[in-house]
Amino acid sequence: MAKKIRKLKIKSNRKYGNVGDSPGMIHIDENAMKPVLRLYSYNQQEVQQSDGSNFESVLQQLDVCTNHTHWLRVNGLGDQNLLEQIGTHFGVNRLVLEDIVNTHQRPKFDDYDNYFFVTSRLITYHEDELSNCQVSFFVKDNLIISFQEDYSNTFEMIVKRLIGGKGLIRTAGPAYLCYAMMDTIFDLYFSLLNNLGDMLDDIEDRLYENPDKSIMYDSQKVKRTMIMLRRAIWPERDKVNEMIREDIPLINKDVKVFLRDAYDHCIQIIDMIESYQEITSSIIDVYLSIVSNRMNEIMKVLTLISVIFMPITFIVGVFGMNFARQDPVTNKVLPENMPELYSPHGYTYCLIAMFVITIAQILFFWKKGWFNRL
Amino acid sequence: MAKKIRKLKIKSNRKYGNVGDSPGMIHIDENAMKPVLRLYSYNQQEVQQSDGSNFESVLQQLDVCTNHTHWLRVNGLGDQNLLEQIGTHFGVNRLVLEDIVNTHQRPKFDDYDNYFFVTSRLITYHEDELSNCQVSFFVKDNLIISFQEDYSNTFEMIVKRLIGGKGLIRTAGPAYLCYAMMDTIFDLYFSLLNNLGDMLDDIEDRLYENPDKSIMYDSQKVKRTMIMLRRAIWPERDKVNEMIREDIPLINKDVKVFLRDAYDHCIQIIDMIESYQEITSSIIDVYLSIVSNRMNEIMKVLTLISVIFMPITFIVGVFGMNFARQDPVTNKVLPENMPELYSPHGYTYCLIAMFVITIAQILFFWKKGWFNRL
Amino acid sequence: MAKKIRKLKIKSNRKYGNVGDSPGMIHIDENAMKPVLRLYSYNQQEVQQSDGSNFESVLQQLDVCTNHTHWLRVNGLGDQNLLEQIGTHFGVNRLVLEDIVNTHQRPKFDDYDNYFFVTSRLITYHEDELSNCQVSFFVKDNLIISFQEDYSNTFEMIVKRLIGGKGLIRTAGPAYLCYAMMDTIFDLYFSLLNNLGDMLDDIEDRLYENPDKSIMYDSQKVKRTMIMLRRAIWPERDKVNEMIREDIPLINKDVKVFLRDAYDHCIQIIDMIESYQEITSSIIDVYLSIVSNRMNEIMKVLTLISVIFMPITFIVGVFGMNFARQDPVTNKVLPENMPELYSPHGYTYCLIAMFVITIAQILFFWKKGWFNRL
Amino acid sequence: MAKKIRKLKIKSNRKYGNVGDSPGMIHIDENAMKPVLRLYSYNQQEVQQSDGSNFESVLQQLDVCTNHTHWLRVNGLGDQNLLEQIGTHFGVNRLVLEDIVNTHQRPKFDDYDNYFFVTSRLITYHEDELSNCQVSFFVKDNLIISFQEDYSNTFEMIVKRLIGGKGLIRTAGPAYLCYAMMDTIFDLYFSLLNNLGDMLDDIEDRLYENPDKSIMYDSQKVKRTMIMLRRAIWPERDKVNEMIREDIPLINKDVKVFLRDAYDHCIQIIDMIESYQEITSSIIDVYLSIVSNRMNEIMKVLTLISVIFMPITFIVGVFGMNFARQDPVTNKVLPENMPELYSPHGYTYCLIAMFVITIAQILFFWKKGWFNRL
Amino acid sequence: MAKKIRKLKIKSNRKYGNVGDSPGMIHIDENAMKPVLRLYSYNQQEVQQSDGSNFESVLQQLDVCTNHTHWLRVNGLGDQNLLEQIGTHFGVNRLVLEDIVNTHQRPKFDDYDNYFFVTSRLITYHEDELSNCQVSFFVKDNLIISFQEDYSNTFEMIVKRLIGGKGLIRTAGPAYLCYAMMDTIFDLYFSLLNNLGDMLDDIEDRLYENPDKSIMYDSQKVKRTMIMLRRAIWPERDKVNEMIREDIPLINKDVKVFLRDAYDHCIQIIDMIESYQEITSSIIDVYLSIVSNRMNEIMKVLTLISVIFMPITFIVGVFGMNFARQDPVTNKVLPENMPELYSPHGYTYCLIAMFVITIAQILFFWKKGWFNRL
């Protein structure tokens, strides 16, 4: 009868290294996907790309394309060897490698001497499944490496813009590309928030038309998603702010203008989350009040019916007593015992009395306002 | 019986650009209204005005009125071409154009080299419909352009004051005009808050006189409106504060005095919102307590009636049993079976006993205080 | 039966100017009282005073008393003409005049070149009526003007001290007088808080002795008063702090010592308000728990009684059935039909059985602890 | 049956001076105790002490002990004359005297030119009575005066340590003695918090074993005590911090090390209070849930019993109807009227049917899980 | 039937010194364990270790191993003599010794002239028992002493890494060892949080499948653990931050890089705790709503059944009345008394009427939606 309530599945990595491990230790999760590499080498004139998991081909292309900017996409983190090769070749600190692999980092920005490292959270919600992945960027003077946990094609549009070549994307350096990818993630947040907003609208419509208990569960799902989003976006804001404030050569003034725009987006996301949280609370409050009211209505009506039948049931009980008019054994007449039963119009009077009592009760309760809705 | 509860309709734009779009991309919403242009050119002596959507006539007037300050009103944002023409002619940054068109910006103040850009939210509440539009101002040395989403005549009074020519309005430059329009928006907030205050007064009156469930819904409507207002006014405060603090030539000392006044108004609005929120919570608490109390009252009285009838209904049941005084088959007399039925005054005694039990119960419950109100 | 609950009346001005009005516009409220002027001119030797609404006599006295400090009391703000005369004569800025007349300002301190302006809120609670008036002070080198909305004699004690001439009051200048009046307002806050404290004590006594629903309403009244107080005292604190921090000649070091004392009082008031708010919440929680417990007690007892009578009422029903021992038509004996009715001790056994069942039930419920209080 | 709930008595001074009084006015509370003076004059070699309320003997001892540090204990503040004598003799500012007498000050530290003044709150909880007294210290180069409201021997241990002469107490000056007394007050807070912790443990034990409504009341008592403690300890922390930060000769570097230790204690107290507050809330939540669950259990069982008896009571009612097989007047046989009553096994079948219905109901409810606990 | 709810046992030291004790007084708790000493002397080449409680052997090894770094592990704090020996030999301040022994310190970092002192909390949760122990570190140029309350082998992995000799552990000095142990404690926090996360997952599964009251209790256990964790981790964060910010020779730049990593871990732990707290609240809300809904369902169904039987039970009562068709004494016929009983099809009609009434009621309630779930 009632539709089955499904629990919100949360796909989030909680595994950590062992207690007491050395810092900089790389633990590959057993469920981690095999890495797929793609290298895009671009300058104002052209874009070259190579796919596959072969690191040699990547190195070859790097050798060939000398006056290009390179974007190395790494999808999947399940090969310790390959990651360490990348680390060694591009000079990535072991602590950074650890942060790339332990995919439960808060969004953060770490500035090293000749490169910087940025992590973001990628939160997606699809059919009652909430997933929280990590995307990280390693940015050097003419190189950006992006690391993603799975093969999802999040940055498809960026690739298109790169190949299309419009705007600043081919000329503004790797930090701009990093910004562009971060902004894409924010766009995904906006789109997720729009979905949540639609869900809230839908929940609210049901609330006013046909409230049932799915409202409680659906609100809780929205709430849970919101908790995760808020936990991701607050450090994201700090991160972007830090990128704007820090004075490092890799992030030039032009990129900072765009980062300021991204910062505004962060604030807008925070704003929307907080509004939605308040709306969710308000929906839950109204729902609880509706349930309680409706239940009260039902109980009141049912109890009123019981009470109206109480006295008349008592009366029929009275005239169902067997006090005898005549002792069957001695045949003695007992005139005081229930003379009403032997009155010619006793039954009629009795029915009239019960009718009057019923009407009187209804009038009394009606006057007290107990038939009104609360 | 119960009046139909209407959901609060919220007219608010939630559409954003596509995921991964370049920054500075202008997306005209398909429901956006066609722009209507009006140009007011004024100096201490005179005010000239031209209406219509024809950008050429605007340009002509700009050429003619050389020692005037110009106010270009743009109502409706549904023509990408026209907007880009305006942008190009007055040197508006593409990111600013994007902010003008994406009408979901937080109130903010952006200072560029030779102009500044301000956005405000215009929140109106009319017949259960809450709308949240964007108004933005582009201010240059002798020019102000105002952008509104619809044709609503919000700044009617400003036009009247401009034509009337009293006060500083014709002489204090475009930044003062910008202030005057922002202050008009604050006045609208005050007027909206006064309406909300009247609604709260009305809800509270109903709460003390005739509480029904509309109180819950109406309080929630006020609460929702308050959430939206608060989300708009907090960044508004920061914006005004920034305008006061920034040291830019366009906003001179005289205008800053008025901005400080506007800042005070912001704080007052925040104050009122917070007071109203607390009052709303307090109303909801009292309402829930009233409902629960009233329901309890009803259930208690009804249950008391049931319980009072319980034992006497049992008694009439007892004397309705058919234990026989004489076996009809053997005619054996069974003197122990219900001798009360054959006692001459059995019925009378029985009625007296039931009366006494009823009175005793009532006294007992009355002494326990169960007839008192909670 | 239940005492009538009265709503807390709140006398607070919410009217504002029209939307889009020029700043500095003076709107006299139509209910505003006619101004009554009183001028006290004092120095170490003497105090001269003149009463009445005649501004000329005030000007005369100002001319005569040249080496005096002047305190001009204005009670009632209902005469635009007079106020503008005062404004012009003493050089009061139009924005300040607007703030004096729009009696809904937050407490604030505005420092102008040769004078300063201070507003305070005067909150009083009398017989379920909460009023929130504005008092403002205009202080110049040897002049202080106080503006009050009504004729209430709030500063009676100050006048007495002035005439008595003890302490610093006659010699420490107009800023000290301003301090003294502000401190009087704080004293009124303390006295109001003491009343609220007494109300809370009284509510709490009733809570433990005889809780009824007036507790809910009275707590809400205290809460509402507290909301208003808190809204007034927080900016008051900031105001006093600003007066201490600002370096202006009118407020000398000696006055600042007293202002620091006033600041401590502010903090104490805030402290008391917060404590009282927590106590109020705690009272409401306990009340709701008591109501719920008491209701539960009643329902439990009533339902227990119902249930105890259920099975025995069933039994008497069974023996009230008319299964016949002998078919009246055929006279066939039906020995299986209710032989109990024809057993010599059937009735006695039945009574015993019902008694045993009742006792068994009571024992069972008692053992389950259902007679215990929750 | 239920144990009587006692209200938490709160002994706290709320009286203030009259509205509009001059600052520095000393109001002796009418219930104030007569002062008892004790003077301890000590140096590394010896400790001399004099008791009694005679100020002359104190002055004599001060004259005699010239190279000693003096500690003047004043217990009881009910003698305006004596306090003013002390004030005049030791050069205490009138505002300070007012703070000593108005025993409702927040903990604070006031630094004057050649002395400093410190107030603390002394909170004790004994047999449902919570008292909140003021202790204040006046510290000059070789003198400390402590003021307490009553004769309680709070600083007994300090006197013992002074006489014992171990540690720094005799040599580290009056500021160290002041620290030692403040630390004693913190120790009393710890001991009070331990008592509250034990109370919470006890409440929690009862919660899991035998929850009754005293849990609600006792939790509220703990909560109230906590509110008062928190109000006292937060400014206490600020006070100690200020004493550490201020650069005054009376508080030398060695004393500051100990003050830092006291500061740590403050933080620990704040921590414990906040933990206890969360635990208290959690206890109240669990209690409310238990009560509601238990009540629900009872109501469910009782209603189940009612419902199980409903249909079978109806059946016995049916067979209690008097539809006649034969009209007693006309003797006409009516074979359709209740033939069951005249069937040979009617009664047996009826009993079996009722039994089956009862079992079916129980099975149905059991399958629905309505016998399970929630 | 219901599983026994066990209270969460909390093993936490609350005993403090006596009121008014001198600072620096060492109170050995009577339950404190006897100290077990272990000394590890290591340099790049080798690791030497000695076990046992004999302080002489420790001193000997210190004499022998001159170019080593020493780690003295002290497990158990129950020997005042030994602790004072250690204190004296290594120059530990008495206040520090007091902090080591009073095992209720907040995590803190105290920098002294030639050493520093750090305390951490070690929180473990095992089979409904939550324990909160203190670990403290005393770090000097080539020495680190760790103090633990019990013999638990928390730092087993550190010893293994020390003996293994990989990484920086043997060469980076005692501050690195201190960091390594602190990081191990954070790893334990992560592992505890993972357990709590699993518990929450399990609670949530039960919530959706088979909610019973253990959910409330288990959530409260998680909440309690969280309160304790939060109280420990916030000052831990401040402590690590202080260690990074302070400029002391013992903590060199390399160690600070690792401390920054530890700081990130702190923030992650705080984040997880706050998320879990919100999830716990959300679980409790859903649970309370489920319980209330289920109870309401049951009550509604039961009451519906009662009400459906009410009118038909009344009808059978009516026809059970004994109004006589003929006076048994006078034999007078009373034709108006219950003629239905003597109608040939009276019984059949009566049964049909009751059936119709029942169906009508069910239809009515079904149409009202009272059979739907809320």
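Labels for the chains are A, B, C, D and E, by order of writing; each one numbers its residues from 1.
In the analysis below, a contact is a pair of C-beta atoms (placed from the backbone, for glycine too) under 8 Å apart; a residue touches a chain by one contact, two chains touch by 3 or more.
The structure presented is a predicted model; accordingly, all values stated were derived computationally and were not measured.
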item: Other chains in touch with both chain B and chain C; value: none
item: Least step count from chain A to chain C, where 1 means the two chains touch; value: 2
item: Copy pair chain A, chain B: interface residue numbering same or different (half cut); value: different
item: For chain C placed onto chain D, the superposition rotation in degrees, Cα atoms, nearest 5; value: 70
item: Chain A-chain E separation of Cα centroids, rounded to whole Å; value: 25
item: Distance between the centres, which are taken as Cα means, of chain D and chain B, whole angstrom; value: 41
item: Where chain B touches two or more other chains at once, by residue number; value: 299, 303, 306, 313, 317, 320-322, 338
item: Complex contacts: residues of chain E adjacent to chain D; value: 1-2, 5-7, 14-24, 95, 104-106, 108, 211-213, 216-217, 220, 223-224, 227-228, 231, 284, 288, 291, 294-295, 298-299, 302-303, 305-306, 309, 312-313, 316-317, 319-322, 325-326, 333, 338, 340-348, 350
item: For the chain A and chain B complex, residues of the former touching the latter; value: 155-158, 160-161, 166-167, 169, 180, 183-184, 187-188, 190-191, 194, 197, 204-205, 208, 257-258, 261, 264, 267-268, 271, 274-275, 278-279, 282, 285-286, 289, 292-293, 296, 299-300, 303-304, 306-307, 310-311, 313-314, 317-318, 320-324, 327-329, 334, 336-338, 370, 372-374
